[in-house]
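Think of it as A, B, C and D in the order they're written, each chain with its own count starting at 1.
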Amino acid sequence: MASNVDERPVIDEEAYYHDASLGATWTASRTAVAMVATLYGGLAFAFFYLQSLNSNGQWNPNHMTASTIIGTTIMVLIVAAAFVNYFGARRLRRGLVVDWQVAGAFAALFVIVAGGLQIWELTRLPFQPSSFGYASVFVAFGPVNALAILLTGYGLETEVMKSVKIKKKAIADGGLGLSSLPIAEQFRANLDGISFFLNSFAVITVVFYVIFYVVA
Amino acid sequence: MALKTEDSGSPAAIARKHGSRIVAIWFILSLITDLVVWFVWGPHMPPGTMTTSAAGQQFDFKVLTVMSVPVLYMVWVYGAYVIVKFRDRGDHEDGYYMKGNRKTQALWYAVTAVLVLTLAGFGTYELVIPAGAGVGEGPSPIWKPADTTHMLQVQVIAQQWRFTYRWPQFGGMETTSLVLPVNTEIQFNVTSLDVIHDFWAYQLGVKADANPEVNNVAYTKTQQTGRFVVRCDELCGIWHGAMYNYGKVVSQSAFYQWATSMETQNAPLTKLLPKYSSVYVPNDNVAGGQYFNG
Amino acid sequence: MAIDMSQSTGVGQSGGAGGSTAVRWFARGNIVSATILGAGGWFFGHWWGNVIAGHYASVQNSGTNDVSWLLGAIFATVAWFIGLGALNHPIAKLWGGEAPMPEKKDKYSLWEYFSYSTDHKVVGIQYLFAMLLYFFVGGLLALGIRTELLSPTYHIWGPDTYIEIVGEHGTMMMMMMTSVIMGPFGNFLIPLMIGSKRMAFPRLEAVSFWFTVPAFFFLLSALWQGGFQSGWTGYAPLSIQGGVGQDAYLFSFSLMAMSMLAASTNMVATIINFRAPGMRWSRLSILTWGMITTAFTMILSVPVLIDGLYVMGMDRAAQTSMLYGQHGGSPFLWENLFWFFGHPEVYLLALPGFAMTTEILPVFARKPIFAFKTSVAGMIGVATLSFFVWQHHLFASGMNPDMRPLFMLSTELISIPTGFLYLVGMGTVWRGRLRFNVPMLFMLAVFFNFLWGGITGVYNSDVPVDALVHGSFFVMAHFHFTIMGQLMFAVFGAIYYYTPLLFGIKLSEKLGKIHFWTMFVFFNSTFLPLFIVGWLGQPRRVFEYAARLQTLNQWVSISAYGLGLSLAFFVVTFIWQLVVTRPKSEPNPWDSRGLEWQVGIPVPKDNFERIPVILSSPYEYGNPNAGPMADLTPSISSVGSDV
Amino acid sequence: MSKGARAGLVLVAFAAAIGLILFGIFGYLRTSPPVVSAVPAATQPNTVNVTMQVDGAVGVGPHPTWVGYWIQGANGQYKQTTLFTVPVNTYVHVKLYEYDSGGALRNPYWGKEIGTVGNAITVNGQSVSLVNSYAGNGVAHNFDVPGLGVNVALPGVNGEAKNFCEVGPCNPSEAHNLIEFTFYSGKTVHNYRWQCFIPCGLGYLNGNGGPMQSIGYMAGFVEVVK
């Protein structure tokens, strides 16, 4: 092998692995959604299973829920973040980088605030963890949800910071939204991944809003 | 690649030559073993025939073994033949180039599918017809014995780490011993006062998890007298391994004698017991049971 | 998001600044810095937990504080990863930066293997030794169990210690061994097999390994904290009743779950995206197929395990009441969550074993894999069906009796795709030229052992027979045949097969054969009688049993010692040859066509000088017209037709 | 490194591993509380005396807040253990100082005194054959040996008593019930386990964790020896 150092044209390795890593980003974001959906699915199962068993009539005897106002705010913030990011990303594709940066920053802010609210909600519950079935499942759901929201916020925040950091490198090539530089393509692949995750997470949030504040 | 002379000929002919030998050995061995399993070993298989459900389990085990023997031999005979016949003869040649055989594959899919579906059908029949095959069916059983009028009710209460039994037809008395009348339909109502246990009356062919706050019903019909062992079959803590006791199936008259004498003897104790119920919920907030802070 | 999506190439950024080598090691992150920080994290979390929960009535009465244990463990784990430097990258990303990724080297010092490394070959070797360590610790615990069972009445261990040992053995094996093939062989070989110079997410890969280390130590620590009384299945409410050892169980199992998720994400992304040109799905090696199937199964089942363990942890520490009745919970919830993961989990153990067996078999049969598509379909079929069978563990539980015929059917259906393994194996050896080297012996043993496991699996799925054997030693023997008899035999075969590639060393055939034959005989002699023991009515996890079963149990215990000695023989000869005698191997000692064997020994730092172009299947043995599997020094023209 | 050095290193590593394993087994896993042997006096064959106390908190060891037993050894010293041996074919007189408060049984059945001579016990001199755990001071603990068919329900003391023993080992000046009973050790040599039915594992779910599942506290063995 080592003797084979002639000047034959070979596969453009950089391009090959660049494409592969774009694909890997795509795959990983889908995988992440699958994992988070399964994680939440397990909690939804716990919810509906205990609700249907209603052991000792202790599922939710007084039909209490956690604070609906806070819950609704969390849900609205996440859905809003998804929309803001979605329209921002569309404008990015038209070359308007700053528009997305503002949108992304707001989306990150919304999500992080939602995470904070989720933690705050846990500190002001109208019940004890052991009070009844719904209470238990909610107390379990809260920290998971807060963690997932904050990690989503982290993803958005890192993406915004990345765009700030590498923006200049792509200016000559049409900006981050249009440039065909590997660094810009990688950035857009990451953004696609994060957007896909955020959008899916918004759907999950709506579903769990319905579960914890409407069905209960 | 280079085949030895005795292996020349069309692949189909070679397959027929080796295949017919394998099939012949396989068939003879399977037949002999199956006959032995069915007629010699089968009648002595655990858990015996003390009850209908035990007999059913014995029968199922026997049928599955008879079906397994040819499968075992198929792999063994084939494997042994191949190891002897198709080994490297020191020339480091490669084998016959073949990536599949549609007929063989189709046959395999068909046979395994038929076998599996037959077994599932057989298992379902053996589960449904003998009223749940002695397995716990939960609080509202769907497969019941035909005749439920003269059924003896026995409540099995598992607690860490002993079984006790309550007899609603005998004044709701509670005992540590389990005595049953022969030729009687029995309904076991299995429940627990704490963690999950499992009531396994081995010779009776009855197995049902004892879940807290759940009544798990299992049916069987005794048909022979004798001694049986009851073991806990779900890990329940330190004394799980020691959680067993023995019971007896006795004649109906002996049973009634035992039961009525126990009823009188235990009358003062029975008064202290909670009212008979399908499940019991001991209060965790008294005695040393406190676990909650709220 | 937790997923590291950046693809840093790290070109031109060599790790660490100047200073002495000791300082550089420390800055790079290694087991020492991680342990020191982890210990600090433990004490901080423990202290904080005492501040929070020390005054709770339940804590003061019981004298055990689950909150402080769990907080200690959480902080210890985070600090452990800080100490490893694993968090440098995620933290740098907060302001848009990237942590440097150290460059690969041709040869690593021994110390590198105790450091945080993103080279897939280093991770593979780290995994190999770690998994062997975990396996042998679990094996020693098994000998502890067998020693107790020498006598039905005399007790070597206290009954509480005995249950600790049983639970510890079960959990160690069931949770750590999920990675016994994907960890060492998946990480080391997959890039070589798909013709890639790298993994998609090297950092995730490294993290997946470093999760297993605290998982192991936390799990082992349960032994000197009262253990966990509930076995590896952790049934509630017994698991809620236990002491802090139970926290160790749930926490370490969660860490292992994280490891599985990280590893499988990396595996899926790599296999889908990093295949070399011409590496069509039909040319993918069967091990790669096994890895991607396993990875997908992990992705869809492991989060449910995390849910279950988390629910248990909340019930224990935060006093929610999901797993016991009085306050609106139900023990059935745990049984469902656990087995919804638990049944796919046994295939997470079995599938890589199948794949490894099918991978190695054709090399020694000198024939292509028979019905390649069927073997792939078999693995995918097993993986898919495994999500629909979990209630067969609960036939006696009293839940959903009306569903039993359905679960009986779905369970028995699994034997169709499982049977494909036999079709493929038997077809592959048909008219082959079998070479009985040590790896081949192990692969043939897999077929012998798994047959027992597979056939008794049908017994277990039949509800009336399950009424007899559920929870008994019969079931225990069944899954030891499918897991130890199948997976572990495949692993040992793979170790003999791949040591030339991993270490440039060819293990002695003679010693290997001694190891194989003793292991094979003693394994069967240990576990075959256990079918009878269970059938005659001995429940699992007991320290007392019927006197009439003593002879059988003693036979089994003595065979188990034989098995232990055989494995000890392996350890001694393996380490001795690896460290002391070092018998050199030629580059492709088994005449394999596999791409992984074409790169030379030792494997170059980038695996391939150039991205290879794949020309044919790796299994074209006996095909006179087959060219090499790949062009390792391709020009553009050879790519054109295929991409 | 030379081959010899490598070999030496490997041997040292093996030795260290074996040492670690042996330490794990004998230094930790094989440890157990002391065993008290009851031996008959020469004047009274076929009878032995066993004196025990059960405290609300043993006060020593790694779990001082747990309930547990102390058994008097030959020299009159109390040992914190639940392991004792008695000879075969012997009447075992048990003198038990019960210092703990009582409560309700999860299963009131275990309030019955079973398997002792006369199916009764004496509590402070009075004969008792059935204890209602829902009345009075309830049942403090059970001494239940399933293999010998023995179940002794030990009535509790008043938890409000002024001289209630908070921390073991307790002495007879503190509030207690003196409980005496006799059981027969049977004709076979066997290691019989014994346990308690009162949920006295405070702070554990169902009261059945912790001391209830630990040898040396509320779980033990009566070994019947030759």
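Just so it is clear, a residue touches a chain if its C-beta (ideal position, glycine included) is under 8 Å from a C-beta of that chain, and two chains touch if they have at least 3 such contacts.
Remember, predicted model here, so these are calculated numbers, not experimental data.
Q: Among the remaining chains, which ones contact both chain C and chain D?
A: Common neighbours, chain C/chain D: B.
Q: Compute per-chain Cα centres, compare each with the mean of all protein Cα atoms, and return the closest chain.
A: Of the chains present, the most centrally placed is C.
Q: Counting C-beta pairs in contact, which chain pair ranks first?
A: After tallying contacts for each pair, the winner is B-C.
Q: So how far apart, in whole Å, are chain A and chain D when each is placed at the average of its C-alpha atoms?
A: The mean C-alpha positions of chain A and chain D differ by 56 Å.
Q: Take the average of all CA coordinates in chain A, do the same for chain B, and state the distance between these two points in whole angstrom.
A: 48
Q: Please tell me the distance, in whole Å, between the geometric centres of chain B and chain D computed from their C-alpha atoms.
A: About 37 Å, centre to centre.
Q: Using Cα averages as centroids, what's the distance between chain B and chain C in whole Å?
A: Result: the chain centres lie 30 Å from each other.
Q: When you check chain C against every other chain, which residues touch at least two of them?
A: 57-58, 61, 159-160, 229, 237, 241, 319, 324-327, 332
Q: Touching at least two other chains at once: which residues of chain A meet that condition?
A: 55-56, 128-131 - these are the residues of chain A that touch more than one other chain.
Q: Check each residue of chain D and list the ones that touch at least two other chains.
A: Residues 193, 201-206, 208, 213-215, 219 of chain D each touch two or more of the other chains.
Q: Chain touch graph shape: choose line, ring, star, complete or other and state it.
A: other
Q: Of all possible chain pairs, which ones touch?
A: Result of the pairwise touch check is A-B, A-C, B-C, B-D, C-D.
Q: Going by the contact rule set out above, which residues of chain C touch chain B in the complex?
A: 56-58, 61, 159-160, 162-163, 229-231, 233, 235-238, 241, 319, 324-327, 331-332, 365-374, 395-402, 404-405, 408-409, 412-413, 415-416, 419, 422-423, 426-427, 429-436, 444, 447-448, 451, 455, 458-459, 461-468, 470-472, 535-537, 539-546, 591, 620-624
Q: For a test of understanding, state which residues of chain C touch chain A in their complex under the given definition.
A: 1-3, 5-7, 90, 93-97, 196-198, 200-201, 261, 264-265, 268-270, 272-274, 277, 299-304, 306-308, 310-311, 314-315, 318-322, 325-330, 332-333, 336-337, 340, 599-600, 609-611, 613, 632-636, 639
Q: Mind pulling up the chain A residues that touch chain C in the complex?
A: It is residues 1-2, 4, 8-11, 13, 16-17, 20-21, 23-25, 27-29, 31-32, 34-36, 38-39, 41-43, 45-46, 49-50, 53-56, 58-60, 128-137, 139-140, 144, 151-152, 154-155, 157-158, 161-166, 186, 190, 193-194, 197 of chain A that touch chain C.
Q: Mind listing the chain D positions that touch chain B in their complex?
A: Against chain B, the touching part of chain D is residues 67, 102-109, 111-112, 114, 130, 132-134, 138, 144, 146-147, 149, 193, 195, 197-208, 212-215, 219.
Q: Along chain C, where are the residues that touch chain D in the complex?
A: Touch list, chain C to chain D: 57-64, 140, 144, 153-161, 165, 223-224, 226, 229, 237, 240-243, 324, 572, 575-576, 579-581.
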